[in-house]
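Before anything else, here's the structure in question.
Labels run A, B, C and D following the written order; every chain starts at residue 1.
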Amino acid sequence: MNTFGNIFRLSIFGESHGKWVGVTIDGCPAGIALQESDLLPDLERRKAGATGTTPRKEDDIPVFVSGVFNGRTTGAPLTIIFENNNTRSADYETLRATPRPGHADFVLDKKFEGYNDYRGGGHSSGRLTVALVAAGVVAKKVIPTINISAELIEAGGNTDIEAAISKAVEEQDSIGGIVACKASGLPIGLGEPFFNSMESVISHAVFSIPAIKGIEFGSGFAAASMKGSVHNDAIIAADGTTFSNNAGGINGGISNGNELTFRVAVKPTSSTPREQQTWNKQTGTVEPFTVKGRHDLCIALRVPVVVEAVTAIVLADMTLQL
Amino acid sequence: MNTFGNIFRLSIFGESHGKWVGVTIDGCPAGIALQESDLLPDLERRKAGATGTTPRKEDDIPVFVSGVFNGRTTGAPLTIIFENNNTRSADYETLRATPRPGHADFVLDKKFEGYNDYRGGGHSSGRLTVALVAAGVVAKKVIPTINISAELIEAGGNTDIEAAISKAVEEQDSIGGIVACKASGLPIGLGEPFFNSMESVISHAVFSIPAIKGIEFGSGFAAASMKGSVHNDAIIAADGTTFSNNAGGINGGISNGNELTFRVAVKPTSSTPREQQTWNKQTGTVEPFTVKGRHDLCIALRVPVVVEAVTAIVLADMTLQL
Amino acid sequence: MNTFGNIFRLSIFGESHGKWVGVTIDGCPAGIALQESDLLPDLERRKAGATGTTPRKEDDIPVFVSGVFNGRTTGAPLTIIFENNNTRSADYETLRATPRPGHADFVLDKKFEGYNDYRGGGHSSGRLTVALVAAGVVAKKVIPTINISAELIEAGGNTDIEAAISKAVEEQDSIGGIVACKASGLPIGLGEPFFNSMESVISHAVFSIPAIKGIEFGSGFAAASMKGSVHNDAIIAADGTTFSNNAGGINGGISNGNELTFRVAVKPTSSTPREQQTWNKQTGTVEPFTVKGRHDLCIALRVPVVVEAVTAIVLADMTLQL
Amino acid sequence: MNTFGNIFRLSIFGESHGKWVGVTIDGCPAGIALQESDLLPDLERRKAGATGTTPRKEDDIPVFVSGVFNGRTTGAPLTIIFENNNTRSADYETLRATPRPGHADFVLDKKFEGYNDYRGGGHSSGRLTVALVAAGVVAKKVIPTINISAELIEAGGNTDIEAAISKAVEEQDSIGGIVACKASGLPIGLGEPFFNSMESVISHAVFSIPAIKGIEFGSGFAAASMKGSVHNDAIIAADGTTFSNNAGGINGGISNGNELTFRVAVKPTSSTPREQQTWNKQTGTVEPFTVKGRHDLCIALRVPVVVEAVTAIVLADMTLQL
C-alpha cells in the first residue's frame, strides 16, 4: 500500500538505485499554476551537502510526466519523476549476507522472500522522500492560505545544532534530533471524530518518513503530568481563539482554528561509521560490521522539509474534503 | 470516515446519549468461535467504577446483530450493539451556549453547522470506545498467537498510580497518564515501507482514542538524543532476534519479530471539576464555567484496554494481509 | 467488502433469518430533515404482497440507531435497522445437503468453509435489499434536485407485465424481466475518466442487487450495430443538450447533463416451483429437487425501487465529490 | 480516482499528447519473472495497423521504471511507462470551439474548468489503454493457472467481421461491435456477496475502457425472457460443475468454478469521417462538423486484448484476497 489520501491521493514508486523515483498525485484540482522550477526550493532544502549529510548528491531535477498543461494542473493524474544519477550499487553487493542493524535489510529480505531490490534499501530508501517533497510543493499550492513550517530544534540532545553536528563528526557516530512543525491559517473543522482524527492522519503520514519514532501534538507527553484545569485551553473569542494552546490546535480530532503544533523524534541515522555487530547469514555467526556507502551523520537535518511536505499533503486532502 | 482497516474493517456508530452504540466488522474470517460472553472481561476492564472514574455506569451487555451463527463467525459482517441505559441528557441541555474547554463542543458545532448531537459529546464521546473494545476482542481471536498487553505506567506524573488518584480526588482536578503497550509473537513482515508502516497504522488507530496526544515507538523521543552506535539493535540470531530493542520491534516500518513496544500520552480529562473560563455564545463574553455531568477524574485508568483493542485490530488486519 | 462509496459510504449487515438487518451510512451531510416514516413509501414499493411475489411478508419498520437528532441528520454515522419478524428457519434445515441451483448455497459453503449462515441464503439474501432501499431514501434527500425513476418494462419477454405474471402463475415457473432507469437533473461533470466512470460506478452498485445479470447505458447493446454518424449525439446548445441521447447521458465516463438512462436484465427467480436437478452432498449423486420455502415468482417486480436506491446512492456520492 | 483494486492496485497516468503514459501497480507479489519483452505480444494485439484502425502508430516500447530487479518483481510498486512518439497536436488546436460529438471534449471542459489537456482527449484518450494492457500482462502472470481470452464476435451487426470492416471503409462511417470474454480455471469463491460481487467488480473495470456501453454475464439480457426451470444450472458434481452455464460462472456474486463468460457492447468510434453537427462555442450556433486527426473506423477491433487485461487485473486482485 504505497498510496495515501482520500481526495488528494499519492502513489510513490522507485528505488534507491533504480533509474527513476517518482510520485503520482491523483485528485489534484485543475487550474493550479505549476512549473517544474517551483519545486526546486523545497528540493534544495532536502538535499545533502551541508556538514553532517551524505556526500551522495543528486541533481533532483523534477520532470513532469503528466497532469500539467500550459503551466497549470489539468485535474488528471500528475506524475513527477526524478532520475537517480549518483548510484554506486557495488557498495551494496557485498552486503547481502550481513543485514545492517537498524535498517530494513533483514525484514525486507523476509517479507519479499529475497526478491527485494536490496541496493541502498531499495524502495525503502530515504531517497523516496524526494517524491514526498515534490508532492508537498503541489499540496502547499492547493492550500495557499495555510502556512506550514518545520524546523530542527534539537540534535543529539542539544539545542545548539551546529555544536551537535561538530561533535558527531568528531566522534564519528550518528545522531538523532527533534523536529517541530507548526501550521497556521487552518479552517475549523478538518478531521473526523473517529479513525480520521487530525492526529491520526498526520501521524500516519509522518511515520511514513524513515527514521521517525515518535510524535506528540500540542503539549504532548508533557500533558500526561498536567492537570485538567491547566491543560484545558480557555476559549476566549467567538472564532474559537484559545488563551493557551496545549491542544496543538486540535479538539476531539478536529482542527479548532488555532495553530497546529506537533513535534517528531528522529532516531540517529542507522548507518553510523562506528563498528557494530550483526548476524552473518553465510557464516551463521554474529560478526563485527562496519557500514559502507555514503550516508548522513544526522539525517534529522534533512527531515524538516519532508515533515512540512507530508503535513501539507494531509491538510490539502482534508481541506478538499470539507 | 468512521471506518478503519483494509481487510479486517471496522465501522462504528452511535452517540453518547442515543439508544445504542455499535460496531460492524467487515472482513472477519469465518469459523472463529465467538459468543457474547467472550467480550465481558475486556468490557469490564474498560468500565467505570473504581476511584477516579465516572459514576455513570453502563451495563455494557453486547448484543450480536449479525455475523455469528451457531457460535462461530460466518464471514459476513459482524455487528455488535450496546444499549445506552444510563443517560441524563438534561445535564447537557443548558450547555449549548458555552462550549466546554478541551472538548470538541466548539468544533463539532462549527463542522456540522449546529446539527450535531451535542448531548455528552454525541458521536465524539468516549462512550464509543465500548465498540472499539468489542472489536478488539474479536481481533484478538483472529490472531491467537499474538499476545498484547497495555497498562497505565504513570498518572499525573507519578508512577505510584494509587497515590496519584488520591491526590487528584483531594485536589478535585483531573489528571493524565502514560500507557505502555507491548505485543509479542508477531510474525516478521507486517507493515509496508511507505504510508502503511506499522508506526503509521498503529498511530492512526491509537489517535482514534479520545484524549491521546502523543505516541512513541521503542526508545521513541529518547532516541533523538542517542547515538547510532547505541541505538542500533544488533541482530544476533538467524530469526532476527536483536540484542537490544530500541526499535520497538519495527525496522523500516515493518515488524522484525521482536517485541512491539510503544507508549502513549493521555491528557488529563477535559471535564475537570475546577472552575474554568470559556466563551458564551449568547452573552458574547468570556465567563467562568464549571462542567456538569458525571465524569472520570483520570480517564487514563480506562485507556489501556482500548489501546490493546486498537492494537489487536491493526495486527489482525495486517496479519490477514500477509 | 460490504462497503460502498467514497464520501457517502454504506455498510450493510444482517442475514435473512437473523434478528435484524441494517445499514450504516457514513459521510451523510448534516442537517438533512429525516424521520423514520420518510422511508415507508419506498419500503412499501419493495414489499411483497402482489401476485407473483412471496407470501413471506415483513413489517419493514425502520429504526434509527444513530445519526439523527431532533429530526435532522447530524453528520455522524447514520445506522438504520429492521427486525426480521417472519422467518421460518425450519424450511431450510433439511436443505444443507442439496445446494439449490441458481442460488449461492454451493459457493457460500465453499467460500466460508461451511460456517456461513445457510438459512435463506444468510447474508446473501435479497432480504438485505431492504437496507439498500433505506439508504436510497437518504441518498435521494442528499440530491433533491435529481429525479430518479425505475420501472419494470418487460417480464418473461412480455411488455404486458400483468399477462406475463398470470402466465407464470399458471405455469408455476419463475420468470425474469427488464428494468429501465432514468434520472434527470444531473449536473455536468459527475464521474471520472478512468476506473470511476459513471458506467463503472453505477454498474458496480447495480450488480450488488441479487439476480441482475446485465446492464446497458443509453443505446447499449444496440450501439454495437449502429454507425457512428447515427450513434453520435449532436450537441445543440451551450448547456450541452444533445439532439438524441444514445449516450444515455454519459460521455467519456462523465455525466453530460442530459438524461441518464440505463436498463438492467433480471434473471428468473432461482427458486422456481418446478422440479430441478442438483447434487446431493450426502448421497453423492444428482437427484431431483424441489425448492421449499416461500419465494417470489417474478423477483423483477420488486427490483425497480432497489435500482432507484443504488442509483441515488451513486449519484449522491458523486455529487458530494464534485 | 484513477486507481483500481484492493490488493493488486493500479494507478494510471498520462495524456494522449503528453510525453509519456504509464501505470503503477502497487501490491504485485514479489518473485514473478518479468521482463519488458513479455509485454510485447499483448501490446502488439492492441496496436493499430490493420484495416479499420488508425494510421497513428506508436512504438509502444514498455520501460520499467521500478519494481523489477534481476528479472523478477520485487514487491515494491511496479511502474511502467511508454513514450508517446507519434503525436500531432496541431490537429487539435483548431478544435477547441467545437466539442466533438460522442467524445468527452464538452464534459471535460466543464468538469476541469477549461484546464484539461484537450489535445486528443488528453487523459481520457484511448491511448491510456496501453497502460491497462501492460498491467494486464503482469496480472496474467499473477494468476498463471487462469486462462482468459476475449475476441470480437460481431462488428457493425455482422458476425463476418472482415466483411463488416470492408463495408465501413466503403461507407466511410465508423462501426461498433461485440466482444465476448471467457475465463477458465477460476477457483471457487472469488467475489463478495454485496458490493464486490464478481459482476460488480468486472463491470467496474470493463467500463473503464472507452467506448463500452453494455455488459452481460452468462445468458445476460436473454435471461430476462427465460424461465427459472430453464435458466437454473443444475449442479452435477461435487466440484460444482453445472450442466448448463447460464450463470456465466457466477452465483450470488461469487465464482462457482465453471467458466466465467461475459459479453460487452462497443459503440461505434465517435470519430467518424462523416459530417456531423455540433455546437460552436465561439459563434454560438450549431454548425456542420467534420472530425480531423487519425482515427480508428472500428475501435472494437482493438478492444479484446484490453478486456482481457482488465479481466486479468480483477481476477488477480480477487485471487490475492482469497
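The criterion applied here is as follows: a residue touches a chain if its C-beta (ideal position, glycine included) is under 8 Å from a C-beta of that chain, and two chains touch if they have at least 3 such contacts.
What you are looking at is a predicted structure, and each value in this text was computed from that prediction instead of being measured.
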item: Comparison of B-D and A-D (more C-beta pairs in contact); value: A-D
item: Chain centre separation (subunit B, subunit D; CA means) in Å; value: 45
item: Centroid distance [mean C-alpha coordinates] between subunit D and subunit C, Å; value: 26
item: For subunit A paired with subunit D, centre-to-centre distance based on mean C-alpha positions, whole Å; value: 37
item: Of all residues in subunit D, the ones touching two or more other chains; value: 1-3, 6, 12, 76, 111, 123, 193
item: Touch-based graph of the chains, sorted into line, ring, star, complete or other; value: complete
item: Subunit B to subunit C touching residues, read off their complex; value: 1-3, 9, 11-15, 18-22, 24, 26-27, 30-31, 65-67, 69, 72-79, 81, 111-113, 115-117, 122-123
item: List of subunit B residues in touch with subunit D within their complex; value: 6-7, 76, 193, 321
item: Contact footprint of subunit C on subunit D as seen in their complex; value: 1-4, 6, 10, 12, 99, 101-104, 106-108, 110-111, 121, 123-124, 128, 154, 156-157, 168, 171, 173-178, 188-189, 192-197, 199-201, 203-205, 207-208, 210, 212-229, 231-238, 240, 242-243, 246-248, 251-256, 265-272, 274-279, 281, 284, 286, 300
